[in-house]
Each structure stands twice: as structure tokens, then as C-alpha cells.
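Sharing a structure here in C-alpha cells format.
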Amino acid sequence: MGVAAVSLLTTSGLTRHFSGIHAVEGVDFTLEAGEIRALIGSNGAGKTTLVSMICGRIPPSAGEIHFDGRDITRWPAHRRIMAGMAYTFQISSIYAGLPVFENVALAARRKRRGRAAEAATQEALMRVGLWERADQPAGDLAYGHQRLLEIAMGLAQSPRLLILDEPTQGLSEGEIAAFKALIRELAPATTILLIEHNMSVVMELAERVTVMDMGRILAEGTPAEIRANRAVQAAYLGTG
Amino acid sequence: MEFGPYLMLATLEGAVSAAVLALTAVGLSLVFGVMRVVNVAHGEFFMLGAVVAWTVAHWLGGHPALGFALALVVAPVAVGGLAAVADWLVLKRIGYDPERTIVATIGLLYIIQQGALMGFGPEARPVEPPFNTRLALPWIEWGEEGLRLVWPWGLATTSYKLFVILAAAAVLLGVWALMARSRAGLVMQATREDREMALAFAIPVGRVYAGVFGLGAGLAALAAVLIVPIQQAHYLMGGDPLLLSFIVVIIGGLGSLPGTVLAAVLIGLTDGIVSVFFSPTLAKILATLLVAMVLVFRPQGLFGSTAR
Amino acid sequence: MRGGGARAWTLHLAVLVLLLAVQFVLPAYHHGNLARIMVLASYAVGYNILFGYTGLLSLGHALFFAAGMYGLGLAIKLGGWAAGPAIVAGLGAGLLLSLAVGALALRTSGVAFMIVTLMFAQAGYLAILYFGAFTRGDEGFVIPREARMIMWLDLADAATRYFVALALFALCLLFCLWLMRQPLGRALIAIRENEERTEMLGYDTFRLKLVAVAISGTMSAAAGAAYALLFGYVGASFAAVQYSILPLLWVLVGGAGTVLGPFLGTLFMFYLIDIASGLTTAYMMIAGVVLVMITLFARSGLLGEARRRLWGWLP
Amino acid sequence: MLRIEAVDAGYGRAQVLRRFSLEVAAGEVLCLLGRNGAGKTTLMRAIMGHLPLMGGAIRLEGVELSALPPHEVPRQGVGYVPQGRRLFGDLTVAQNLAIGLMARGQGEETREWVLGLFPRLRERLGQRARTLSGGEQQMLATARALCLRPRLLLMDEPTEGLQPSMIEAIRQVVARMRDEGVGILLVEQRIDAVLAIADRVAFIENGRGGEVVPAEQLRRDHALVERYLGV
């Protein structure tokens, strides 16, 4: 067949309908190993639905998903995670009743045991700056810290593909700067797919940007190309 | 008796239990539909209805029709009122959390059941039917000179049993009219669909909940008043109606009124017919397993359309 | 939950030592009661693994308790087995039934899960009545004294009975304490706290829940088998819905998701009902009032409240 | 008219609004701008009483809304068009309107007035709300709120996912309400939608109130938008 390089993730014709509404319509999306990709678009454009299908939270109505050369369309979520995906939720979904340490340890234990899991937990918590709070109940953390905890849970899984759904929402300026530095450290060992509203984060981090509108991919390109794209300005920035 | 007439007799008996079951189950379904909680004490409200009916009839004396007529009014109102109070005192305070509601209503079940044991005693007590004419029924037979009507011995029902069927049908029609045609029905439907939006349109959701809980219990009590001249009042009589109502509500599709009535007729008739021909225990085992399987493989019920 | 390990083990071992010691000072009546409570508490510990730690509310555990009881009882009565192999039969029955029920019921969740488990248990109860020719239905049957021997141990003897009940209880308690410090136990707690998140961390939540049902069901069966063996009676009332609700009640009273809570709850309710039944025939009313009061005022039960307010390290 | 005074609100232990203050005058459209998660919908729910306040107060012409039980708030003349419309989907268009009319005891006259504003709905009276198109659903959600003859109208992303013609229709009705003296608090994401309708714009960031500026200023000063939205 002569496929030259296998992309880390491809979707073809991926579609999802919710009671008649086409949330995502025939999306062909490709992610190369090692890149940092941003996914942008206005509310309701279908970004979260698309990544939810990629990581198996919701089944697609039609289409296929390939990860690392394998057809994972029908895999349950946990199997995709074990194959190397990690997903952080848009609205932070943590174990509010458990200590911060245990939150991350649960993530680390999927691939490691005992001391190794504890070490990975500690490392992830130190990376996001939450190590001092390891023994607090996670529900007592401030909103911004809960977002960081989500990211730490993603890191602790040492994923090959890290999907971050609006990670900087609710973070302060200083925390956003630290987040950017962290993501730069992770690539290219980890491929990163980022849903983001904060344009400064998108423009500074992403190598390529994909724009969605009304369930379809509207444009794709480097940040500079996207910034210059009239169609994107009209649909997303609303200043066309 | 031959098979045909026998089947007809079984069907009639089944229709009586179907009628009473439909009333009871619609009460449970209403509570589940609007409030999204399962009331495990529903069977005890049924039992209370029977106990109140006996008490009213016993105190009033005179012609049985008098006591019965009074009980038809007093029992649903009293039991419904008690349920509304329980809603206010307990369920409202736990925020209608589905799991805690189940635990709390199990508690209510024990309290009501044991309260009845203390107040009413362990005996089964009969209530005299207001009228009870025996009606012999005809059967059609192929004779030597073609079709003819025969009156087989034993094929009979009573005027009271026919009344039960008609009364239940009338009440169900009333419930349907209430839900589909009245302002109160509109308010209940709006509350069921979106509690918060109901509040945003000035619907006092707390009072609607108390009212629905009371109405559900009242329907169970009414069903019990209808059946008690046939079955006797007993403090443990709530178990079977609860289980059967569960079955009916699940098969009919949780919270759907037409589905519930349809399922009640189906289950009531099958129960009546099957227990005439087979062991009632075996019938119950099969019905229970069937319901469990329906919930596992078709959670929207046999007659429900789609899951929400 | 890091640390606190040594303290927790010390506390639980101390409780077991205390239970070992009190038998020498207790009057015969309470001595017998405590043996019974320890067997029932083992049932509650098993129930708690599913309800308290995994967050699955079953209303059908009487089925597993009865599976242990009848598995053992029928093996002795019909098969003429000795007590030892009969225990294995009881445990096996509990394991198989819990796997089957779990595989089906876990396709549902929340209220539907409660109802499905309730229905399966009800079917089991009715089956016991239906096959009255073998089970003697409501009446039940007595296990003869000569069958209640394990090697040289005479289980009908009060002192032996107490020791065996304590051994069973200690086994269940320490197993639970150990399990909840293992990755498996932690994953079960994670499912209770946030199932979707747990799935998205790569855990096969269905399989884990099935394992929880199986552990919980088998432990319940062990308690059922022990009850039959120690007290010599097998009856359908142990399969009725009441015996599904009782462990829920005990666990709620003592504190769901605490290791010692089920024992405390069983002890408390046993004596509450014991005292109440001296006063009135309607002693189950006490259980009803307690259930309502717990849902209203003490969501986390005796030990749960203690953990929340006083000792955060309590397992 | 509407005074939000140093409101604290949130869910459980997570506080979303922090000492948030804002005023809406009669006859103006005030747009609330902020990123996802900034607390806009939380503010709407707090005004409606769906979320108990942890501190502060909300008053409508002197009446303390935050002291009323939630179902009394609409009776004070507060109409709510929530995000995602949240119609009573199993009920018909006519029944949805009937529930709106019931709230403040409005009669036939109000119904005719509302149907006059949205003639499309008149053709759909017997249809179930969930079978309407997205634009019609938004019309119905707006019409249902107008059935209260509100003094204050809360609209949460009313143009989300709509076609331009529908957006225009909604916008015209909003302008008309404003001219009749209704105070309108509008949450929007798209700058163009905001600029087209707003009199004033208030910013919200991490649950705290930011600047409140005339919409005019926003048209000129794009740096302001970038600061709050990062666009």
C-alpha cells in the first residue's frame, strides 16, 4: 500500500449526532507524533465532542479512528488509555474526596507498581507545583489548582498522546506561564492535543492549529496562517 | 368445568387484579416520573388504605355500602396526606437523592408496617362488600343444533368484582385527564422535565413534589379500598402489591402512564391466568426473573420508547 | 491516606484481642449473642466492600448469604458431605451466583442496579420455597449435631463456636483492611468517588466492579455458611428481602466505607432490637426509625462521623 | 433597577463568584463578557435563586430577590432565557407558553402580544417543543420568558448555534424590549453579537467583576477585549 509515515492519530469521516443535531460532521483529522496541536473554535463548534470520541467517552455515529496504526474505533475508553492516551476533562473531574496524592497515584498505578508509582506521583505533583499540598483533600483546592491537578493526573500516566481540554481555564497569569513552560518540556516525547480559548497560549505553544466551526474543520495551519485567515476571523473572532 | 369456561373465569379474576394493580402501579409510576425517586414504602400506603377502610367501616356500622362509600373518600385523603407529610419531613430534607430516598423509604416501610401491627393487630380483617350479587355467566357451545348458550356451573362473578374493574377504569381515566388536560397536570409535567426551569416559571416545586407523593400514595390507598372486600386487610399485605407494581412500572417503561396501564393489564391477567393453572410461586419466579432481564437488557421497558 | 498504617493495624488487632478476651467474662447469654454478632458482622463487612467502598448499593445480598447457607446445608443434608467440603460448597455457590448476578446487574447502574439485585434475590427466595421438597421451604431444616464437626472441633459447643466466629470475623476484617491498602482496593474507592474519571484513567471499571461483587458475595456466603454450621439451622427467612436490608442498615449505622463500621453497626442494632423486642412486638419499627434518622442526620454513620470530626486517619 | 451587591456564590466548596457587583438599569442592554468558566451562568442562576448565595445580596427595585424562595423570583418580573434553551420538550409550544403565562397570571392579551412578536410560533402551536428547529426553539424560549411581561430579562447565550437570520430576529425583539423599558442582562461569547446590541459591556474574570464600559468604547478599543478574552 505504501503508506510512508504512520501518523500517531487519524480520524476519517468521524461523525456524531445528538438527537438530530450534527455535533461533529465527517471530520478527517490527523496528528503527527511529537507535535503540539491546538484545536480552537467557538462554543458548540464540536471540539469537546471530537476529542471525546477520540478518547472513547462517547461512541461515534459514523467514521473511524486509528491510533498508532491500529483501528481503535470500537475500543472501550480504558483500553485506549492503556494504549497511551491521556485525557483531562474540560470541567475538572477529580476525586474531590480523596487526597491530592491519591488522585495522582491512581493515575500512576495503571502502568507502575509500588515505589515506582509513588515516585511518578511525586514527580508529576512537583512538576505542576502541587507537591506541598499532596495530603490535602483535592476538593479543598482552589479551582486553578484543581486544573493543575488534572494536568498532573495526565502527566503521571506518561502518555504518548496527552489531550488537554481547556487546561488554562481559571489559571492566573503566572500559572499560565508555568503551564506553557511545562508543555514545551513535554514535547516532542509526548504528542499534545490542546483545546484552548486563550489565544496567547495557542499562538505561543502550538505548531499547528485546527479550527472547527459548526462540527466541521474550517481551517488548519500554522498560528500565523490561522491569524491571517479571513474565514477564521469571520467565524470565530466575529470581526470579519 | 371445561377448559374454555375455566379460562374465562381465570381471565375475569385476572381482570380484577389487573384493575387494582394498574391503580397501585400508576401511583408508583407518577412518583417516579415526576420526582425521579423510587418509593419503597408504596406497598405500605396500599396496606394503610385497606386498614383505614376497615376502621371506617367498623366504626360506622350500618349498611356496608355506607362505610364503603365513606372509606372511598377518607382512605385516599388520609393516606395521601400522611405521605405528603412524610415527603415534607423526610424526602425534602435529603434533597430527593435517589439512593438515600430508597433507604429512607425502606425506613418508612418498617415504621408504617410495624405501626399497623401495633394499632391494628396481626389478624386479617374482612370488610363487607357494599353489594355482592352473584352473576352466572353464559358460555357458547357447539351443540347438535349449532351454537347455543350454556350456563356452566361455577362460571360466575359478582357484581362487586365488575364494579372494581369499572371503578378502576374510571379513576385511571380521571388520572389521565388530570395529567393531560388540567393546569395541575401541566405543572407536574413541567416539573418532571426540568425542575429548575419550573422554578424559573414560578412553579413551587416543593409543593408539587409533596402533592405528587400524596397523590401516588392516595391512588395506592384507593386501590386497596377497592380490593379489601375481596381480600381482607392485613398488616403484611403491602409486599405483593409493591413487588408487582415494581414489575409493572419497569415493564411499562419507567414513568410512562400508558405503558404502566398496559403492563398492569398484561401482568394482572397473566398472573391471574397463570396462577389458576400453575403454581403461583413458579409464576412469581418467572415474572421476577423476566423483570430483572428487562431492566438489564431493555432499561426503557418493553413499551417505553427511548431512554432519556 | 499515606501513613497511618501502623496505627490502623494496631487498632484493629486491639479490637480483635479485646473480642478474644471478653469471652471469659461475659455471661452465657451475651456470649452467645456476641458469637452471632461476629458472624453477622462478617456478612456486613462483605456487604461494605461493595456498598461502602465501591459505592454500589445492592438490595439482593440475602441471595449470597443464603447461597452459602444452603450450599453448605444441602450438601450436608442431601449429599451427606462432611462439614469441611460442605463449606467449600457454600463458598462456591456464593462465588458462582455473585459472578452471574454481577455480570448481569452491572450492566445497569444506580436505582436500576438496586432493583435488579432485589429481583434476583427475590427469585432466589421464591425458588427456595418452590423447591420445598429439598429445602423444607419456610420451615427450614436443622443440621444435625454430628455433622457440625470439623476434625476434632465440635461447633455446637459454645466456646468453640465463639472461637470459630471470632476467627471468621478476624479473617474478614483483616482482609478488608489489607484489601483497601492494595491497588485493587484503591481502584474500587476511585470508582465510588468518580467512575467516569476512573475509566478515563485506564481502569476497566466493569471488571473491577465484577471483582468487587464476587469478593463481597463470597464473603457474604462465608458468613451464611458459618451461620448454618455454628447455629445448626437453615431457613428461607435468611433469603428474604429483610436479610438484604439488614446488612445495609448495619453498614449505614456503623459507617459505610469504614473497616470497623459494619461490626459496630451490627453490635448496636442487634442490641437495640434485642432490647426493643422486650418492650414491643413491633420491634422492627426501631430499625425503621433508625434508617430514617441516619439518612436525615448522620449520612456517614457512627464511625464515619467519628472519622470526619475526630480521627481522619481511620481506615 | 437590578443591583447585585458583593455576591459570593458557588457549588459546594468551590466558590465561583467572589464579591461580584453589577447594576442593570431599566431600558438598557448590558452584556456580560468573560471566558468559559468565568462565572456568567453561575451569576444567572444566582439571580434566579437556583443557587443560594454565600454572601451579598441581589435586589430588584428594592425587593431583595435573594431573600425570596426561588419560585417567587419570576413573580417579581424576572424572565429567564437559559443557556441551551431548556424548553419543556415533551410539551407543545402552546403548553410551554401557557406555563409562562401562568407564572404571573397573564392572560389572552399577553399571549397574543407574544405571538405577534414571533409569528412563526403561531404556526407551530400544537407541535412538541423538542421537534422544533434550533432557531424556533430559541424563539420559544424567548417567548416563554416574555409571557411573564418581565421588567428584567436574563438571556444566556441566546444566539449560540443559530443562523444569522434567526440571530437577527432575536436581536430585534431584544431591541424592542429595551425600548419598552425592560432591563436586559445578556451573556454572550461572540464579540460581534455583543457589539450589535449592547449599550454597556461588563467584564467578568474568575468570578470577579471587571470594568463596565459603554459598548462604544469597546468598538474602538480592541486591546480591552484581548485583555479579558485573550482573543
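Each chain gets a letter, A, B, C and D, in the order it is written, and its residues are counted from 1.
By definition in this document, a contact is a pair of C-beta atoms (placed from the backbone, for glycine too) under 8 Å apart; a residue touches a chain by one contact, two chains touch by 3 or more.
Note that the coordinates shown come from a computational prediction; the quantities given were computed from them, not determined experimentally.
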Shared chain contacts [subunit A and subunit D, defined touch]: none
Relative to subunit A, chain with the most remote C-alpha centre: B
Approximate Å spacing (C-alpha centroids) for the pair subunit B, subunit C: 34
Between subunit D and subunit C, distance of the C-alpha-averaged centres to the nearest whole Å: 53
CA centroid of subunit B to CA centroid of subunit D, Å: 44
Sequence positions of subunit A contacting 2 or more other chains: 96
Chain-chain contacts as defined at top: A-C, A-D, B-C, B-D
Subunit A partner contacts - residues on subunit D that touch it in the complex: 12-14, 16, 35-37, 130, 134, 157, 160-161, 189-193, 206, 226, 229-231
Residues of subunit B defined as touching subunit D within the complex: 183, 186-187, 189-190, 193-194, 196-205
Complex interface listing, subunit D residues touching subunit B: 45, 48-50, 69-75, 80, 82, 86, 88-91, 95, 98-100, 102-104, 144, 148
In the complex, subunit C residues that touch subunit A: 1-2, 183, 186-187, 189-190, 193-194, 196-205
Subunit C-touching residues of subunit B, taken from the complex the two chains share: 38, 90, 93-94, 98-100, 102-104, 106-115, 117-118, 122, 243, 246, 250, 279, 281-282, 284-285, 288-289, 291-293, 295-297, 299
